[in-house]
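Each structure below appears as structure tokens.
Both complexes below contain subunit A, partnered by subunit B and then by subunit C.
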Partner chain A sequence: MQITFDKVSHIYGKGTPFERLALQEISLTIPSGSFVGIIGQTGSGKSTLIQHLNGLLSPSSGRIQLGDVEITSSKRMPHVRRRDIGLVFQYPEHQLFEETVAKDVSFGPLNFDLPVEMVESRTRESLEVVGLDYEAIKDRSPFQLSGGQMRRVAIAGVLAMQPKVLVLDEPTAGLDPAGRKAILEGIYRIHREQGLTTLLVTHSMEEAASYADYLLVMADGKVALQGPPREVFEQVDLLKQLSLDVPETVTLVSRMNQSLPDNEHLPHSLYREEELIDHLLKRLSVPKER
Partner chain B sequence: MLQNIAIGQYVPGQSFLHRADPRSKLLFIILFATLVFLANNAITYAVLIAFTLITALLSRLSLSYILKSLKPVWILILFTVVLHIFITKGGTVYYQWGSFTIEEEGVRQAIFISLRLGLLILISSFLTLTTSPIDLTEGLERLLGPFGRVGVPVHEIALMMSIALRFIPTLMEETDKIIKAQTARGANFSSGSLLRRAKNLIPIAIPLFISAFRRAEELALAMEARGYRGGVGRTRLNKLAFSWRDSCVAVAGVVLLFVIGWWRS
Partner chain C sequence: MKEESLLAFRDVSFSYDGEEGQRIPVLKSVDLTIEKGSFVSVLGHNGSGKSTLAKLMNALLLPEKGTIIVSGFDTKNEEMLWEIRRHVGMVFQNPDNQIVGATVEDDVAFGLENMGVDPGEMRKRIDEALHSVGMEKYLMAQPHRLSGGQKQRVAIAGIMAMRPSLIILDEATAMLDPQGRQEVMDLARRLNREEGITIINITHFPEEAVFSDHVTVMNAGEVLLEGSPHDVFSQVERLQSVGLDVPFAVRVRHALAAKGIELPFVLHQEELVEHVCRLLLTK
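The block that comes next holds the complex of A and B.
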């Protein structure tokens, strides 16, 4: 589903002394099927931006186009269309409430009146996507799980709605490295298998580099930079100004290029860890002709 | 969604009212509340209304914001007005339609009661609008201080109050977040039968309770970890001090007392 923002602004607490301009005339287009990484300092408006995607917040001005649905300050999102957009909030484990894991995951699909048999199979599938064993966990209380398991259950609760657009707000914050990787790999897999459009808000440049094919850099309620990761990572100075770092792979490549002769420079497109390692291994194993 | 329900939420500022001592503001409100109940004719009410308007000016907050922030209260007042007009009987009959009448006493009561409620709520909202929760509870603690000697746990009461005040906005925010998260999962809070709507509150209430308890526990731990062990021997970072502003408040109080006492019938 293609997503277009046209000069979207959002003001919190309009007309009160607490008024705050959180988004400022944002315009962007996200083509269907892309995996977008959204990065930016804390308070830059990332969460505000993504809450516009399923009408939880309405723009104060401007226009949003989600597939064939249009949202403006006066035009709200129809309830049934919320299903198309799966939104995983920051710390989603705080929204668990059911007695059992299976019931909690099926809350979403049942709200959209899907037949019961279908709901069960979806619940099973989505728990498996996030790396949980359905049979072992389905009857446990979500409140007896570890923090990381709760997070996965909550994410599964959104996946079970089988949205066309998946939006995740820092899904890995506060998890251990193995847990992070497992969750992101699961998401990346269904992103490809089901042809989703995925938006991932993250503070980690490494995560953005490994999965995203398009990056949005937010600063002060504006999009400071956008483009394919390769182009964004070239703007090292601008990123530094925004207190953001480039991934270590990018630093490594540019450091190595400083000491390599011009004709042996590593290409800048090597910002993904695996690709960089493969490339380096290949160079090392092919004996150099002198 | 919920930010609009900020009844008397503190708005930082530097106005006369902001900088007056919380103790004098508290005492003044007690006096004012008494006067509101003593007032019983048009002149005395006019004086009180005029005084409330002056207070609004002194707070340097926009009147429209103050009135808007009290929106839920207006509904309550409107409700009492309607009740009184229809139910209280006596005096001349203004309007009759079958067995249904609007009578003089009803209208009188409706006007007075709504004025009383409105004035009380307005004046006390000025207290919370211009006093930070910390100052407010400290003022209260100092005022109640003498009761501490007869065994009233003044410090604990004040602390409970300040924590409660401190967490109202946090819980509001939390509620807002949970409502949004469940809405994103297709929960629909604005349609269906009454029973169904009540049921729909479960996905909000449970996470909210859990998070409130979690917060309470974390706060208790954090306070203990930083050496909190009750009010005994605790010193203050900012000591309250009276200034010329508080003399003004005192003078205003005395004047108001005499004016109302003189003109009430």
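The block that comes next holds the complex of A and C.
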């Protein structure tokens, strides 16, 4: 589903002493099927931006186009269309509430009046997609699970709605490296298999570099930078100015280029670790001249 | 016990009650010594027992078997409980769950009030503590308006005001953004270097461990590896086999070595750049 923002602004607490301009005339287009990394410091407007996608917030001005649905300050998102957009909040495990894992995951689809048999098959499928064994886990209390498992159950609850757009707000915060990888690999697989449009809000440039095909860098309620990762990472200085972390691969390449003569420079497009290592291997093992 | 060791675990075991009432062991015969003035990192993935380790260090939990000695006191000695807790301050993962005061000043004063410190002395200690974490300008600020990193620094100030010997950071950076993480790590290193505070940083970010004096790796309730960052991170396969990551430079060097490109051991990116560039230019 293509997503378009046309000069979208959002003001919190309009007309009160706490009035704050959180989004400033944002314009962007996210083509259907892309995997977008949204990066920015705390308070840069990332969360405000994504809450516009499923009607939790309405724009104060401007226009949002989600597929064939148009949203403006006066035109709200129709209820039935909300299930097209799956939003996974930060620490989604805090929103688990049911007695069993199966009940929790099926809550959303049942709420949209889907037939019971269909809900059950979707629940099974979604739990398996996030790497949990349906039979083993369905009757357990979500509160007896480990933190990483709880988070997967919460994500399964969103997937069970079979959204067309999946929006994740820091899905790996607080998890250990193995847990982070398991969740992201799962998301990436669903993204490809189901042809979703995926938006991943993250603090980790490494995560953005490994999965996203397009990056949005937010700062002070505006889009400071956007483009394919290789173009965005070329702007090392600007990213640092915005106090953003640059992937270690990118700092390695720029540091090496500082110590190497021009004709030996490494290309900036080497922001993925495997590609960087392959490149170094090629350069180091083949004799340069004969 | 040696003079310089501040904290020691001797054959410590601990278990929790499971879902069906069975005992689930989380620590199995752990021996551990923390030297006074050192910066120690404890690495391990979720469920490895590292947080239980932290809670045993300031007597929030008591060992089921074995002994834990903090500053010469057994943590089982109830009379010394307050003394132990004053010596060992703890910063937890969630910055929003550990602030109690309505202002930064109140929050730092909380522990001192509980100890019955007199007002003049309290004033002095609050100012010193906020100064040492670089938050003196926020004396009257409301904690909920601070960033995550600032909140954690206020929590550390609350501990500093108690004049501790040891600060335990229990995944204190896990919920912070990169800038907040950097702030907290810089502060911990400075307090260690300049004020002689012993630091134990419990984390799953391997990059945070490269600057420590000592690294302890926990896995399934046992100490899997320990030693200098060099000793520990040179065992890449062993760490990866239990689902732990290694710092970027170590990982790249290891991947090159696997294909026959040998470089000297590196922990930091700067060293890696130097070695790789030298190799490229001499080819």
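Simple rule for what comes next: the second predicted complex is superposed on the first by the 272 of 290 C-alpha atoms of A that agree within 3 Å, B and C clash if a C-alpha of one lies under 4 Å from a C-alpha of the other, contacts with A are read in each partner's own complex, and residues count from 1 in each chain.
FYI, contacts are C-beta pairs under 8 Å (C-beta built on N, C-alpha and C of every residue); 3 or more make two chains touch, one makes a residue touch a chain.
Note that this is a predicted model, so its numbers are computed, not measured.
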| item | value |
| --- | --- |
| Touching partner for A:Ser34 - first (subunit B), second (subunit C), both, neither | neither |
| Which superposed partner A:Ser73 touches (first subunit B, second subunit C, both, neither) | neither |
| Touching partner for A:Gly148 - first (subunit B), second (subunit C), both, neither | second |
| Partner chain(s) touched by A:Ser243 [first = subunit B, second = subunit C, both, neither] | second |
| First (subunit B), second (subunit C), both or neither touched by A:Gln24 | neither |
| Which superposed partner A:Ser9 touches (first subunit B, second subunit C, both, neither) | neither |
| Which partner reaches more residues of subunit A (counting touched residues only), subunit B or subunit C | C |
| Shared contact residues on subunit A - subunit B and subunit C | none |
| Touching residues (chain side subunit A, partner subunit C) in the complex | 41-43, 144, 146-148, 173-179, 203-204, 243-245, 248-249, 251-252, 255-256, 259-260, 264, 273, 276-277, 280-281, 283-285, 287-288 |
| Subunit B-facing residues of subunit A, complex | 12-13, 15-18, 51, 54, 56, 79, 82-83, 85-87, 89, 92, 94-97, 107-108, 111-112, 143, 157-158, 161 |
| Touch list for subunit B against partner subunit A, complex | 3, 6, 11, 61, 65, 68-69, 177-178, 180-188, 202-203, 206-207, 210-211 |
| Partner subunit A, residues of subunit C touching it in the complex | 19, 45-47, 93, 147-148, 171, 174-175, 177-180, 204, 243-245, 248, 251-252, 255-256, 259-261, 269-270, 272-274, 276-277, 279-281, 283 |
